[in-house]
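Multiple structures follow.
You will see two complexes here that share chain A, one where it goes with chain B and one where it goes with chain C.
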Partner chain A sequence: MDITEAKTNHKKIATYLSIFPGAGQFYNRQFIKGSVFLFLTIIFMSAFWDIIDIGLWGIVTLGEIPMEDHSIFLLVQGIIALLVIAIGITIYVINLVDAYRNGKRRDLGFEKNSIRQQYQNLIDTGFPYLMLSPGFFLLIFVVIFPILFVILLSFTNYSISNSPPAKLVDWVGFDNYIDIFKMDTWRHTFFNVFKWTIIWTFAATTLQIAVGIFLAVLVNQKELKFKKMIRTIFILPWAVPAFVSILVFAGMFNNTFGTINNDILAFLGIGPISWMTDPFWTKFALIMIQSWLGFPFIFVMVTGVLQSIPNELYEAAQVDGASMWQKFKNITFPIVMYATAPIMITQYTFNFNNFNVIFLFNGGDPAVVGQNGAGATDILISWIYKLTLEVGQYGKAAAITMMLSLVVITVAIWQFRRTKSFQEEDMM
Partner chain B sequence: MNMKTQRLIRLTLSYFAIAVVTMIILYPVLWIIGSSLNPGNSLSGSSMFPDDATFKHYKELFNTEESDYLIWYWNTLKICFLTMVITVTMIAFMAYSFSRYRFIGRKYGLMTFLILQMIPNFAALIAIYVLAVVTGLIDTHIALILIYVGGLLPMNTWLAKGYFETIPKELDESAKMDGAGHFRIFWTIILPLVKPILAVIALFAFITPFTDFILARVILRSTDNYTLAVGLYDLVANNFGAEFTKFAAGAVLIAIPISILFLSLQRYLISGLTSGGTKG
Partner chain C sequence: MKRTVGQLMARTALRVPLFLWTVAVLYPIFWMFLGSFKTNAEIYSNPWGLPETFNFQNYVMAWTDYNISTSVFNSLIVTVLGAILCLILAIPTAYAIERIKFKGSHVLFTLYISAMMIPMVLAWIPLFFLLAQLNLLDNLVGLAVVYALSQLPFTIFVLTSFISTIPKSLEESAAIDGMSPYGILWKIVTPLTMSGIITVTIMNTIQFWNEYFMALIFLQSEGNYTLALAIDYISNEAQYTNAWGTLFASLVIAIIPVIILYAIFQRRITKGMTEGAIKG
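Moving on, here comes the complex of A and B:
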């Protein structure tokens, strides 16, 4: 046995044989496994051949005859075909790797497993896949599938005016992206919306963080009484579902019957402000509302951090004669920021896509003349919503979604590279 | 003496600031309660605390012939509950596999989850809408539930996997020695120990559909199928405030139970959110 060990080359033979799935396993005398691979291949070929055939034709042409070929159905079938092919290739590669590994085991002179052991091995290796498969299938169909669909849609001219089955949709390459930057109305609208999205994200988020930190420090003072009650009240805006609060605010800021104009401003002797029709005041109101909604979360986070800062730090600073402001600047603020920075960043990405507050408060209005479907306070995500459900510009909406996702993913990757789990060796 | 006055001034200012913030927080709450008790349908010419306060708007909401409010409430609770059950089951399975087994594709699976978690699930808004229309799943609750579950899976699987890994592996191994099968180990040994994190995830999974507006708005088309968020929005948007008092009553009836639930469970929510944020 020692002598044959060097001469046999089962791993190569098994791998080459497995080009026909299962053959390598038979060669390695793993009959159950070989049959499984062979069986899977046969099923795969017979069941999916038509889907792959039609799907690939469909995704390339998007249909040739109006009324008969439905471009969007064909696109969907095409994506399914691509996913099926990807799964097929995965199984095929696993088949090759398996043949190679077991061939190697034989080269090294290990006894081949008995049928019983083979069966046990199959159960052992199969179990995690069995448990993962329901979740994975769901993810493929409701998350990955739509993402692929948006990516492909952004390269078509799909809109309400050429929607199937009456008409055909065509591949247009990068035209949607180019149009957004080249055509005057699109470019104008895109940059206006983008500018407000950025201003909104930074103004609203920074304000809510500042208010949250300020109040946390304020309530955390040693001598202050009723801490528990104050904290409960301050968490209240977070406890009420945001959509309810936003709709209530929409009523409060209403130009005619709202309490802000009728009661508060009247009480202060200020004339009514057109909150819902003047772009500047709508934006102002939105930023204030988001601070109201968002500060409790920051407040709770920061309170948690503050309570963990050792008191000695402040006592030492006291001895050195530091003022309140110096203590805050040099002790409190750096520690709070260090501990909560990742959460603070998620607050920025959250507001970047904060559809609820924009849409529920005033529907992105007041309307602006000459903007493609976007009002004065629309941010990218609410503009995409309007382009999809109101204007029916699906291709353009998909292209804008792609650009928006690029921003979100860039920020997310940058953030996750800095978190622990990414560097954890075990994850990999 | 000087120190003492300084402290007095500081505390007085602090209490003053807290009082102002408290007023800003409570004003909308009081206003909406006051509005809901107003006898008229719109708010024109009404006062915040009406002399002739009435519960008639609440009665209207509970009358199924006059309003769909109870149907919306039922739809919402049904969607939230099913989302919660499916999410927790799937996540328990997946987190167990990822934390206890080393299998081909594990690394790529985890990477996929990490990337998917970065993309908000309404980014694929158009796709969800078009696909729902094409597949005939538009205006169904099942579509909505599946989308919510799909959106919750990646991030919460990571959260749960982190917790599962704190359970010593020796426990599984000794059970295996005693001849327990894979599923038996999961069910009788691991599951009882990971209840806390599953409770946090259950809470998330219940609250997410409850507070979502955009996906429900895109998928649900007929009034009978609406969730509370979409239904309430309709009450306000369609009639330009002509039914504002009715809306106010509806808002109060949502805000009260949810805030009580939230305030009593906030400790768990916060622990889940912080570990999700810092540990990824």
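Moving on, here comes the complex of A and C:
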């Protein structure tokens, strides 16, 4: 064995040869594999050369001639080029590693695999990758691509007044971020919207969680009749499409013909409230609607947890003379919270970005004078939407999106770690 | 005697919120149903009375004049296509992540979980340009692909937890009998995961059927409108044409399939939802 080791250095030679894809595999006498790599390389080069060429030029310059070069499509092509290059590099590295490995096998004096074995090998070790790649490949375009796009867009001066094809878009560095904090109207709007986003998130989510837990505990009482029916009714808001219920609510809260003003408040002897035009009451209505929309999920989940709490706990508390409230506070609530805390947090992040309710109920209105594109009830995400699709401040919107993502990602990472430590505790 | 009175009061006190909330839940739904049978005059003058005659005029109007029929068909295409595509992509991935320990399987799972936390809203504008680039804008197939991918991480997440409950010995003995991994996935794992597949597909289906904003951004011509878009269109019109009855009628049309699905699969849906949620 010593002799072979001294004599051959196939792994090095094969790796170096594979700098030209496939050559190392040929050297290792794996002709089929070598041809596959070679073939892939040729295909890759011929199919993507233009995309890479134009894309890289486009992403650097964002176009040079107005009316002819469309900066934004060049940006898209540039990102696609970057992704294609990343895939190409991955294949290339696999090619090098493969040459090295098989060279090493030869150095160690193993027989080379027969074609049949090679095929079997490829099928077996390749199995997970083959299974994963279609989904993963598409996911790149739906997740990675948008992230890159938004990041890059936030460094451009793309807006409706400076938009292709008439004009070219340019890289402007951190200008968008600086503007948001330095220019008065932007800063003012940003902080107002941000403040309401936070209030909205905490008020709406906490209320929907409280309602969900409260009702789940009530329905779970032993001597209550018609449990099944009540549970079915309580799940209804979940079954009705959100856009439908929000539109119905918009009708119900309508200032003139809405049933809330005309029937309920009139019945209680309260004068009509301008739900759609008074910022305070719009916000109030939104929080109420969200508790209606959001409680069933909490309700179902908490019901599941409640049914798993052993009865002995309550019986023991009964013996000790605990009141109903004490039982809830010391037994029910801690157990429910322990089991569902991670989900509760996702409810907060969900409402932080709960575009549907805000936008469909009243479109973020009533309007506020002196705010850049944001109404009184706009949260960050709906403001971004308006900045993009209504006001056409694409660059600024992207910069705000980045700031919003920062918040969401921070919470997500924090929550993910918590969940993990939760699961580890469970294991013990 | 006093104690029983106290108990009675406590009992009623606990039932009052239940009763009130039941009313709060049913109120908007009844309001909509009643409204869908009424003429405009009735909606304004007598919102709570039963309609004088149950006229289906609103439904006819919605179905023909406002093209709800086309939209129902469009929604159906997008929903079915999206759900199937999502499964085709998710089942193999979930199996590979859950059962085969390969380099990067953990990283990949984490990646999919994090993808689940990124709000789709951020992707809307970039995807608009991407679809424009690929000539898939205003295209039902393009929308179905985006739908499928938007639910992919969640679907994978749910399916992995279902696959993890299948005993490994089944796959091992099949492998000893010389079955290929592809055969194992297709002939053993997939049938055994069927209940998970059904659960997650129902949830995806409802999600796609109800989706509104991506359709709003990615579809343009009226002939391609999904149900949600068509209804939003009527809702915007209603402010000028006062076609409130028609609006209510089309809302009812949109709800009915979902309610039927819920009625049939309610236990499965709530179970799948809570299981996935509590485990996650």
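Following the convention adopted for this analysis, the second predicted complex is superposed on the first by the 396 of 428 C-alpha atoms of A that agree within 3 Å, B and C clash if a C-alpha of one lies under 4 Å from a C-alpha of the other, contacts with A are read in each partner's own complex, and residues count from 1 in each chain.
In this section, contacts are C-beta pairs under 8 Å (C-beta built on N, C-alpha and C of every residue); 3 or more make two chains touch, one makes a residue touch a chain.
These numbers were taken from a predicted model, which means no experiment stands behind them.
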- Query: Putting chain B and chain C on the same copy of chain A, do they fit or clash?
  - Reply: clash
- Is A:Ile160 contacted by the first partner chain B, the second partner chain C, both or neither? neither
- First (chain B), second (chain C), both or neither: which does A:Pro237 touch? both
- Counting only touches as set out at the top, which of chain B and chain C does A:Gly251 meet: first, second, both, neither? both
- Task: Please indicate which partner A:Val97 is in contact with in the superposed arrangement: first for chain B, second for chain C, both, or neither.
- Result: first
- Message: Contacts for A:Phe127 in the overlay, against chain B (first) and chain C (second): which applies, first, second, both or neither?
- Response: both
- Just chain B (first), just chain C (second), both, or neither: which does A:Leu108 touch? neither
- Message: Output check: A:Leu218 vs chain B and chain C. Expected answer is one of first, second, both, neither. What do you get?
- Response: both
- Task: Scan A:Val300 for contacts with chain B and chain C and give back first, second, both or neither.
- Result: both
- Is there a shared patch on chain A that both chain B and chain C touch, and which residues make it up? 72-73, 76, 123-125, 127-129, 131-132, 134-136, 138-139, 141-143, 145-147, 149-150, 153, 215, 218-219, 221, 223-224, 230, 232-237, 239-245, 247-252, 257, 259, 263, 292, 297, 300-301, 304, 324, 339-340, 342-343, 353, 355-356, 359-360, 381, 384-385, 388-389, 394, 397, 401, 404-405, 408-409, 412, 416, 419
- Query: In their complex, what parts of chain B are in touch with chain A?
  - Reply: 7, 10-11, 14-15, 17-18, 21-22, 24-26, 28-29, 31-32, 35, 42-44, 46, 48, 90-91, 93-94, 96-98, 100-101, 103-107, 109-110, 112, 114-116, 118-131, 134, 146-147, 149-151, 153-154, 157-158, 162, 165, 182-183, 186, 210-211, 213-214, 218, 229, 232-233, 236-237, 241, 244, 247-248, 251, 254-255, 258-259, 262-263, 266, 270, 273-274, 277-280
- Item | Contact footprint of chain A on chain C as seen in their complex | 10-11, 14-15, 17-18, 21-22, 24-26, 28-29, 31-32, 35, 43-44, 47-48, 89-90, 92-93, 95-97, 100, 102, 105, 108, 110, 112-115, 117-119, 121-127, 129-130, 132-133, 145-146, 149-150, 152-153, 156, 180-182, 185, 206, 209-210, 212-213, 217, 228, 231-232, 235, 244, 247, 251, 254-255, 258-259, 262, 266, 270, 273-274, 277-278, 280
- Residue set of chain A touching chain C in the complex reads 72-73, 75-77, 80, 123-125, 127-129, 131-132, 134-136, 138-139, 141-143, 145-147, 149-150, 153, 211, 214-215, 218-219, 221, 223-224, 230, 232-237, 239-245, 247-252, 257, 259, 262-263, 292, 297, 300-301, 304-305, 324, 339-340, 342-343, 349, 353, 355-356, 359-360, 381, 384-385, 388-389, 394, 397, 401, 404-405, 408-409, 412, 416, 419
- Message: Per the contact definition, I'd like the list of chain A residues that touch chain B in the complex.
- Response: 72-73, 76, 90, 94, 97, 123-125, 127-129, 131-132, 134-136, 138-139, 141-147, 149-150, 153, 215, 218-219, 221, 223-224, 230, 232-245, 247-252, 254, 256-257, 259, 263, 292, 297, 300-301, 304, 324, 339-340, 342-343, 346, 353, 355-356, 359-360, 363, 381, 384-385, 388-389, 394, 397-398, 401, 404-405, 408-409, 412-413, 416, 419-422, 426-428
